Amino acid sequence: MKGFAVIGGIACFVVALIVADFLFTPAEEYSPVNRDIPFSHALHGANIGLDCTHCHSGARSGSSAFFPSKADCMDCHRLPLTEKPGIAKLDSALRKAGGEPWRIESAFPSDVVFHHGIHVHAGISCESCHGSPEEIDRGRHAPVRMEDCLACHRGERGFPKAGTDCARCHR
Amino acid sequence: MDESRRNFVKLMGLLFGGLALGGCRRTELAPGNVATAENADVALWKAEVREAMGRSLPAEDFVPVAVPGARAKFPGEKNRFGMAIDLDLCNHCGECILACMLENNIPRVSADGASKGRYMHWIEMRGGIPVMCSQCGDAPCERVCPTGAAVASPDGPSAMVYSRCIGSRFCAANCPSRTRKFNYEDSRALGLAAKFNPEVPLRERGVMEKCSLCVQRLQNDRLRVRMTGGDWRGKTVQSACSAACPAHAIVFGNWLDPESPLSLAVRGRGVYALKSVAKWDPSVVYLMGKV
Amino acid sequence: MFRALFAIGLLLCIPAACVLDTALSAGPASWAVDQSTFWGTPVSNFVFWIGLAHAGTFFSAILCALSVRWGRRIAFPAEISTVAAIPVAAIFPLVHLGIPLRFYFLFPLGVVRNLYVNAESPLVWDFVAIGAYFALSVIFLALHALSVKRPEFGAYRKPFAWILFPLVLWVHTLVSLDFAVTCQSAWHGAYLPVYFIIGALYSGVALVLILCEVEHRRIRHLEELLLTGSWIILPFWIWEFLCKGVWNPGVLLFGFLFPQFLWIKSVRNTRLARVALAFSAVLAMWMERLHFVMPRPLDWTSVDYGWLVLGAGVFLSLYFGLRLWFQKQNVPVCTPAFSAVDRPAHALPRRSVLFAWCAGFAVTLAWVLWFKWRVPAMPWVRFIPIAFPAIAFVAGLVLSARAFSGLVSRKVLFAVCALLGIVAGVLCAAVYRGGDTLYVEPRAEIASEAVPAEPRDAALLWRTRCAACHGEDGNRNYKFVREFFPLPTEFSAERLDSLGTDSLAKVILDGRNYMSPQRGRISETEAHNLAVYMRFLAGGAK
């Protein structure tokens, strides 16, 4: 009788642990960066022969990947590109945009070192963290929770192991 | 009567809890007054260094030690960074203290803090000799840190992870050389902090800090070299104090690299360490005379 | 009398709350500490109060376990004083932390970031041991109180006392290890655990004596113990003086000389004198702890003095609050004679006691193995300090579960078990996931790449800025330009040579035809380097 109660309590503990852990886990973040300019990664990707670095100039070599400035967009968009109906709307949106339409807050706190280049250098593609262009268009953010960093660095995500000592990434 | 007493007790409980909760509020989240390299007045920092150097702290004892080598904790590690301070060249000018403050965004302290000796300087002049964390190979501070915020890193520096620090100050109580500094003041809110170096984070009130062996320079150099696919030995890295020393008395380098300026500098010299930390395998040593 | 003391306690809680508020909002800067004395008055007050708590357990659990009869008369006040003193003691280390809200980092559980507590640190040992000590002391008191109306609970007292007996010695040993494991020579000494335990018992005896006098009970054994204690602790003080040169006239005066007045019959028969002499012993131990933690005196602030008010206020209101509450429940707190409580009708079956201990061992072993699996570098020996409190905690919980399960109906039992399970699960999950890190400074903003002071590598720059149209090899990116743009002019060594790098750099910076101006995004040096790189891509002899 008492045994059942204790077993029930332990079962409740386990269930509560799992449910609470699930509830406390922050959901993967989805939030489109800028809704003013209708930008689609899917349209600008490999199908027209562009690499991520053409807009994100630091993505393969730098610490920060960077965002394109308006001037970078206008390199191509100063000419009417197609006769599609949406293009007028795009042109006006671009004309109205500020010099740096995609300014975001870094996902990393100031004591964390993250270098895009070194990860690309280690053979990790942009998609491994950021997802496909379609997912990015839906507003998916790269997972930058410390547990994700550590899981990959411990070799649990299919990439080679990397350092896990604190001073590797924290300063 | 009985009812009113109960209400009084309840009221007291609420008051007590409210005050305690009020105390827990996080003042450091308020936007502080942080100067940057452009608008900070370096003269204030210079004045504080002069002020702190005027305290004339007692000199440390030195004992001869062997040249630091590989650490038992990390077999197979190719780098161990450290420094040697040549006491025959040191002219006790204190430039290293200022350079360290500007490199690592070390905040000044308020007048009250200064009167209580709560300077944050990672380098201190003790008897005219610059003393900083010795980056012990087997550091006593790391053993007692309850959360692992003070932790050994394979390539030399004894690291300090600010976001993991709860401020128990056990590490400092167990530091034989007393070179750890505790953030007693909310320097951002008091306008005493400046972000001279955007590479280094500002620390919040209640965390411990200490000489990091300019870990940001090591990390940046490592990333730079690894991007070109090279074998990283930290050949071009120099700590801020070493770069700023007008007498070239502070040599930074890699103990495990025979070509490193550090290994060359200690050749044929008498190698000493602070007596207090000598048995913990320090990476920062002092040079005196010839052998 | 009790009401008056309770009211005084509550009144003292008002300034105490102010002290706590100052201490929490201004942080450790508000009391006497500097960059070479990092542990201040909160630590010494913590050691003092945990010592006072200790004696309560001594008189209830240890004397009960060893079947010392006279201990039963004062067991109740002693137990209440333990339960009142541990929270007071626990306030101090929490306030002492630089960032008190991060105290949960000390839970010896795994967290999702794979960060574990450093089981090598005495602070973690303390956290576990004091947590277990407090929980078990509360249960012990509750069992005692319940046994007044339900004699069957009396059977649990002795097995429980045998759990608390070693635990309380363990706790104070760990407190002494906070100091003994450091490199500070002033805190060294293999005798430190014994010294701390003796000191704790000595101050605790004095406290219990005072509390009994408040109950209008005179226990001569306590006076004898106080005198004996003063002679037992004296050698330690002499030893401290001989080894480390610690010289504390105040402590000797209050802690040793004054209690000797108890030899005089007329003094010992005066109630006020007994209380005063006991108080002098308590004061001496407080001074001794203070001097031990902070050998170098610093200028005190109001917060340092405020800890006294805080300690007294919280202790008085908790002790007399509980005391009055028990009185209201018709629990005889201080009985002149032995009651039925102390003679349980039948003993607990040995099997269930053994089961409790085995459960403690099993759970602790599972936890240690799990920890060792996650942190292989942690030496086995480091688990010993936490292992015993963990065993005791689980064993005590199992015993109390057995005791309390008889109190309630089947439905309530199931509900309570389920509720406890859910609360424990949610708490564990919360600690496992951890809170968000609170950031000191706003995070950096990322926008477009600024032109750096040092020129960037021309090949990398070409790949990011030019290759979209001109192609990685300078041979045009057909896929892109065919669809949208007029084709850029093809590179040829002759053409580039005829233009020259200067005019090419000018085109790069200011644009021409369909070529967009890059000024502001590329520096002049970089443009020049790019022109050279174009020439390299075009190949051929110059």
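Order as written gives the chain letters A, B and C; numbering starts at 1 within each chain.
In this text, a contact is a pair of C-beta atoms (placed from the backbone, for glycine too) under 8 Å apart; a residue touches a chain by one contact, two chains touch by 3 or more.
Keep in mind that this is a model prediction, so the values were computed, not measured.
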With centres defined by CA atoms only, which chain is the most remote from chain B? A
Looking at A-C and A-B, which one has the bigger number of contacting C-beta pairs? A-C
Roughly how many whole angstrom separate the Cα centroids of chain B and chain C? 25
Whole-Å gap between the CA centroids of chain A and chain C: 37
Take the average of all CA coordinates in chain A, do the same for chain B, and state the distance between these two points in whole angstrom. 34
Where in chain B do residues touch two or more of the other chains? 148, 162-164, 201-202
Chain A, residues touching no fewer than two other chains: 61, 109-110
Chain C: which residues touch two or more other chains? 437, 440-442, 444
For the complex, give me every residue of chain C touching chain A. 112-114, 401-402, 405, 410, 413-414, 417-426, 428-430, 432-433, 437, 439-449, 457, 460, 463-465, 467-468, 477-480, 483-485, 514, 516, 520-521
Which residues of chain B touch chain C in their complex? 9, 12, 15-16, 19-20, 22-29, 31-32, 34, 113, 116-119, 140, 143-148, 162-170, 172-176, 178, 180-186, 188, 195, 198, 201-208, 276
Within their complex, chain A touches chain B through residues 61, 63, 109-111, 113, 115, 117-118, 121, 163, 165-168, 170-171
Mind pulling up the chain B residues that touch chain A in the complex? 148, 151-155, 157, 159, 161-164, 199-202, 212, 215-216, 219, 223, 226-227, 229
Sort out for me which residues of chain A touch chain C in the complex. 1-2, 4-6, 8-21, 23-25, 48-51, 53-54, 57-58, 60-62, 64-69, 71-72, 74-76, 78-79, 81, 100, 102-110, 146-147, 150, 154
